[in-house]
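Shared between the two complexes below is subunit A, which pairs with subunit B and subunit C, respectively.
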Partner chain A sequence: MFEIDAAGIYYRDLNARIREALAKGEKEVTVRNVNGQYYIGDGLSGNATIVLEGVPGNDLAAFMDGPTIRIKSNAQDNIGNTMNAGKVIIEGNAGDVLGYGMRGGKLHILGDVGYRIGIHMKGNKKQSPTIIVGGTAGDFFGEYLAGGLLILLGLKPDGPIVGDYLGTGMHGGTIFVRGEVDKKNCGAEVGILDPDEDDMKVLKNALTEYCADLGLDIKEVMSKKFKKLVPVSSRPYGNLYAY
Partner chain B sequence: MFKSLAPPEYLATIDREKCIRCKRCIQNCGWGVYSWGGDKIVINTSKCVKCLRCYHYCPEEAIEIVDNPTKFKNNAYWGFHNIRNIKRQAETGGIPLTGMGSDLPYTILFDNLLIDACQVTNPSIDPLREPMELRTYLGKKPSSVELEKGKDGKPRLKDRMPPQIKIEVPIIFSPMSFGSISLNAQKVLAHAARECGILMNTGEGGLHEDLLPYKDNIIVQVASGRFGVNPEYLNAGVAVEIKIGQGAKPGIGGHLPGEKIPLEVARTRMIPVGTDALSPAPQHDIYSIEDLRQLIYAIKEATNYKPVSVKIAAVHNVAAIASGIVRAGADIVYLDGFRGGTGAAPSIIRDHLGIPIEYAIAAVDDRLRQEGIRNEASIIAAGGIRSSADAAKALALGADSVAIATAALITMGCTTCGKCYTGNCSWGITTQRPELTARLDPEIYADRLVNLIHAWTHELKEILGALGINAVESLRGNRERLRGVGLDTQTLDILGVKPAGR
Partner chain C sequence: MDHNYQKDISGCGLTGLISTKKRMIGGADIVKSLCLMNDRGNGLGAGYAAYGIYPKFKDFYAFHIMFDEPSVRRTVEEYLKNNYKVEKVEEIPTFPVKAISISPLLVRYFVQPLKERLVGEIAEDDFVVNSVMKINSEVEGAYIFSSGKNMGAFKGVGNPSDIAEFFRIEDYSGYIWTAHTRFPTNTPGWWGGAHPFTLLDWSIVHNGEISSYGINKRYLEMYGYKLTLLTDTEVVTYLLDLLIRKHGLSIPAAAMALASPFWKKIDEMEKDDREVLTALRQTYGSALLNGPFSILFGHGKGLVGINDRIKLRPLVAAVKDDITYMASEESAIRAICPAPEKVWAPRAGQPVIVELED
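Showing the complex of A and B:
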């Protein structure tokens, strides 16, 4: 295991050091005293694991292409921006705009998240992204969703699990919410269904890994009913125009 | 079926005496105007868009496309497009779409600007005899340079120069995505860009692997839909461009209609086949200059500090926005004016939002100079560059380079019919229908585009020669060599140009 002390280091130098360690073939890097440095893991490829102690800054794992990052505390905004592969595990809460345009890989968040999560994620048969949130989420969850999987668990909500405009403009992909979903919180493009057997398999599959990553009990997580949200049309704005 | 109350714009007509019934018009028309009636060609003129493909391919010159004399009564206030759009809206309740740049008769400033020339007191230069430098470097320039002695005793730069993109002529191709145009059209651009030592731009639809051989002449684009963006893509070209807006549709997103999303496009964009490719209006991770800075540096970190361009539509406050973009760390500011083209935009947006590029160049150049940061970024000006004269005027107003799209498409056969959004382009340009795209042979059409760039290069050299200048560097921002004709004092003031006669 390789260790880096990030105290007082500028993000550019810190990221250069992480990149250097990975280039030398380190498979596990622990970064201590992280304090708001941006772009950790940005554009990194390979299969190393990076453990962060302290709160990392915005745009963590942007364009990332393989590695696993475990954050042992809260995290900030824009995590997994346009990420291609790999995994980010967050043992606390995270901010806004997570997984924007994400194309593959996983975000596993234990706590709550902010607004605009998983906007315009996309996927195909070859690769597909997953975001799982243990707590609650703000408005615009899964807006413009074009592919991939969003799971919102709301494990310990003090209030509503999710904000408004859920899945607005959704035209692909799937959202699962643990608990009830009110149509009035959803975008007009969203259909609410009860998951069937195949769906439950998909859920169980994704959640087993999630629970293993974050030390949760899968039975407990699966104990409540889920709702499945899908786009009602692959062309939500098809009638908007006069040709 | 209810017959549309919007009369056809054009009448497709066949001279029955000349017609030999070879049916080529049926094959060639992407819009389905012609069909075979058993003994003669049947015409459905309401589908005709006057793209002139049939006219060119009729071996007997039997076809004539005429403006419909039965349009509406001429009315100086209620124009044809006003009445037609209302009728179409009454029939569909939808937003009329359009393609290409705005064709409305707003004042064209380029046509009210004239370029100076040398007479007697300052000799002009003959570009056929003397070398003329058009090579341009795009990117951040240091505000000062220090030299030191290298190991070999020769002077060298003390600090590292920020990355520069070398282009042989200050004319590059504007972004046009795979999806909005065909792969063959993109190949024409890529081929010509390499041949001419300039650049093409992928637009926001990702990079098809067939374009990889051209990567040294490609800018890759990151827009709100983030189509095809992965680390490999970001590193593929010479620069990365963040698209904020487009001159033809400032402030709104893009909906590439499902008709233009067959398997290949869906694969490159990573979305389902046949859905509309939705580019949200803003990038949802950019709500401020600070956010923009964050994305610029996220891209730089992921690309080992490649130059980043930021493309915006020219809008009222363009100068302040451009200043913010430069301060956010962009190496290039790409300004797209009101007349800029599009594959699909609501006509109400295209025709009424934004400002012409001429104002934007002058305002941005002024502002960056006043703030002492003009060297921090290059300016690319686009949005209606129709000729080398427009290009020269844009450069004199302050641009480092211009970008062209419509002009490039015209070399591929485009007649600016404006129906790109339907996906039926008979010239194989703005369509994904395989039988249509196959017509656009990339090599043949690349030669035509190369010809255009060469011709404009010669013309630019002639203009420089007439100005008595031997490097485009001396034309850049040299507004003293422009004069306005028929422009009011305030416009002249904004442009920083004197009236003719002064």
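Showing the complex of A and C:
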């Protein structure tokens, strides 16, 4: 295991040192005393694990393509922008705009998240991104969702589990919410269903890995009813500019 | 500068703290917190505001004035002499900093309006506001950028660390601090355009863009405010002064006027709340702030943080002992308070209101 002390180090220098360690073939890098350094893990490929102690700065894991980042505290905004593969595990809360335009890989967050989580996330036949949130989320959860999987658990809700404009503009992908969903907080395109057997398999599969990552009991997480949110019309604006 | 210039867009970083027990906190903390977010700004503006810094002159309005050139100083001093008891005049202490090659002349005056000038029913604070508006709009090259009691703003063109060093921020101690690093994108980065924006005891730092600037400006002009500092944030300062000091709104009510709930939410409310909110929005439609913002505003009795209604800018709050911190990034708080008792992200449009103990 390779260690870096990030105390007082400027983000550019810190990221250069992380890249250098990975280039030398290090498979596990622990970075201590992180506080606010931006862009950690951006554009990195390979299969190394990076453990961060402290609160990393914005724009973590943007365009990341393979590695696993474990954050042992809270995290800030804009994590996993256009991420392609790999995983970010957050043992605390995280901020706004997580997984924007994400196209593969996983974000596993134990705590609460802010606004605009998983907006414009997309998948294709070969890969599909997943975001799982253990706590609550703000407005615009899954806004413009085009593909992939969003799971919101609300394990210890201190207030509403999710904000307004849930899935507004959604035209692909699936959102699961552990608990009830009020239609008036959803976009017009959103259909609220009870998950069927296949859905429960998808959920169990995703949540087993999530619980293993964060030390949770899968039985307890699965013990409450989920709602499934899907777009009820596909490509509702497909003809918008066509006539 | 043409004060009819219409628009400014800025993306910025802000931080603030308050000791509810009025413990005096040295400037080094706020500087450290702000400098962590150095890259949120671009060196074209930084500033600090502190409360409790002038205990010896706490009954006097502390005018911080910037003069583009020494000749206008005489004009302003003539005006002050005719209208105020001037208790003390001194240049604001500054320290040469390599990165700041040019700066205006910076002078502070501790003043009280002359009794005989308070003719009619005019209140002392209105008189001071009128003076600020008059100097800032009529005296070319002179700007009163701070006019409260026992508080002051220190700001200019530079990075957070340069401006801190220039004004020797570490030499001041206060019980409320706000600070800002600026990234102006639509107007010049000039000394008057740096944050905080202040009037009387109000001081505002802002990250975002007030797209309703034009409407807000015209509304404020009806009440005699003159917008001279070429930056959107200026409207927030004067709106708070108008709504809270002049119209007597509570801070939560004023916050609700500036960042009103959407009509959709109001329609869902119980009858009483619905009627109050409807009246508030109808009355203060022109005070509504549109566009992305996170704002901290300090005043004589406390510190408030507020976001726009759909959370288009970040704001994090934390508490440790008697101190509440608010900043654009959690790491900026942890830079000076590594282990807060509680950290949270305030919800859109929900103000965080912290008041000093009596």
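In this section, the second predicted complex is superposed on the first by the 238 of 243 C-alpha atoms of A that agree within 3 Å, B and C clash if a C-alpha of one lies under 4 Å from a C-alpha of the other, contacts with A are read in each partner's own complex, and residues count from 1 in each chain.
In this text, a contact is a pair of C-beta atoms (placed from the backbone, for glycine too) under 8 Å apart; a residue touches a chain by one contact, two chains touch by 3 or more.
All values derive from a computational prediction rather than experimental measurement.
Asks: Now for A:N58: first (subunit B), second (subunit C), both, or neither, which partner does it touch?
Replies: Both: A:N58 reaches subunit B and subunit C.
Asks: Touch check for A:Q76: first (subunit B), second (subunit C), both, or neither?
Replies: Once the two structures are laid over each other on A, A:Q76 reaches subunit C alone.
Asks: Mind working out whether A:H108 is in touch with subunit B, subunit C, both or neither, as first, second, both or neither?
Replies: After superposition on chain A, A:H108 lies in contact with neither partner.
Asks: Between subunit B and subunit C, whom does A:G172 touch in the aligned arrangement: first, second, both, or neither?
Replies: The first partner, subunit B, only.
Asks: Could you figure out whether subunit B or subunit C reaches more residues of subunit A?
Replies: B
Asks: Just checking: does A:Y38 make contact with subunit B only, subunit C only, both, or neither of them? Give me first, second, both or neither.
Replies: both
Asks: Is A:D139 touching anything from subunit B or subunit C once the two structures are fitted on A? First, second, both or neither.
Replies: The second partner, subunit C, only.
Asks: Between subunit B (first) and subunit C (second), which does A:L240 come into contact with in this model arrangement: first, second, both, or neither?
Replies: first
Asks: Let me test your reading of the model: by the given contact rule, A:K87 touches which partner, first (subunit B), second (subunit C), both or neither?
Replies: In the superposition, A:K87 contacts neither subunit B nor subunit C.
Asks: Quick check on the superposed pair: does A:N15 touch subunit B, subunit C, both, or neither? Answer first, second, both or neither.
Replies: first
Asks: Across the two complexes, what residues of subunit A are contacted by subunit B and by subunit C?
Replies: Touching subunit B in the first complex and subunit C in the second, residues 38, 58, 77, 116, 140 of subunit A appear in both lists.
Asks: Spell out the residues on subunit A that touch subunit B in their complex, using ranges where they run on.
Replies: 12, 15, 38-39, 42-43, 45, 58-59, 62-65, 77-78, 81-82, 84, 97, 100-101, 103, 116, 119-120, 122-124, 140, 143-144, 146-147, 169, 171-172, 234-243
Asks: Within the complex, which stretch of subunit A touches subunit C?
Replies: 11, 35-36, 38, 54-58, 74, 76-77, 93, 95-96, 112, 114-116, 138-140, 163, 184
Asks: So in the complex, which bits of subunit C are touching subunit A?
Replies: 36-37, 39, 268, 310-311, 314, 316, 329-332, 334-335, 343, 345, 347-348
Asks: Residues of subunit B touching subunit A in their complex?
Replies: Touch list, subunit B to subunit A: 88-89, 91-97, 222, 224-227, 229-232, 234, 255, 257-258, 266-267, 269-272, 274-276, 278, 280, 284-285, 294-295, 297-299, 301-303, 346, 421-422.
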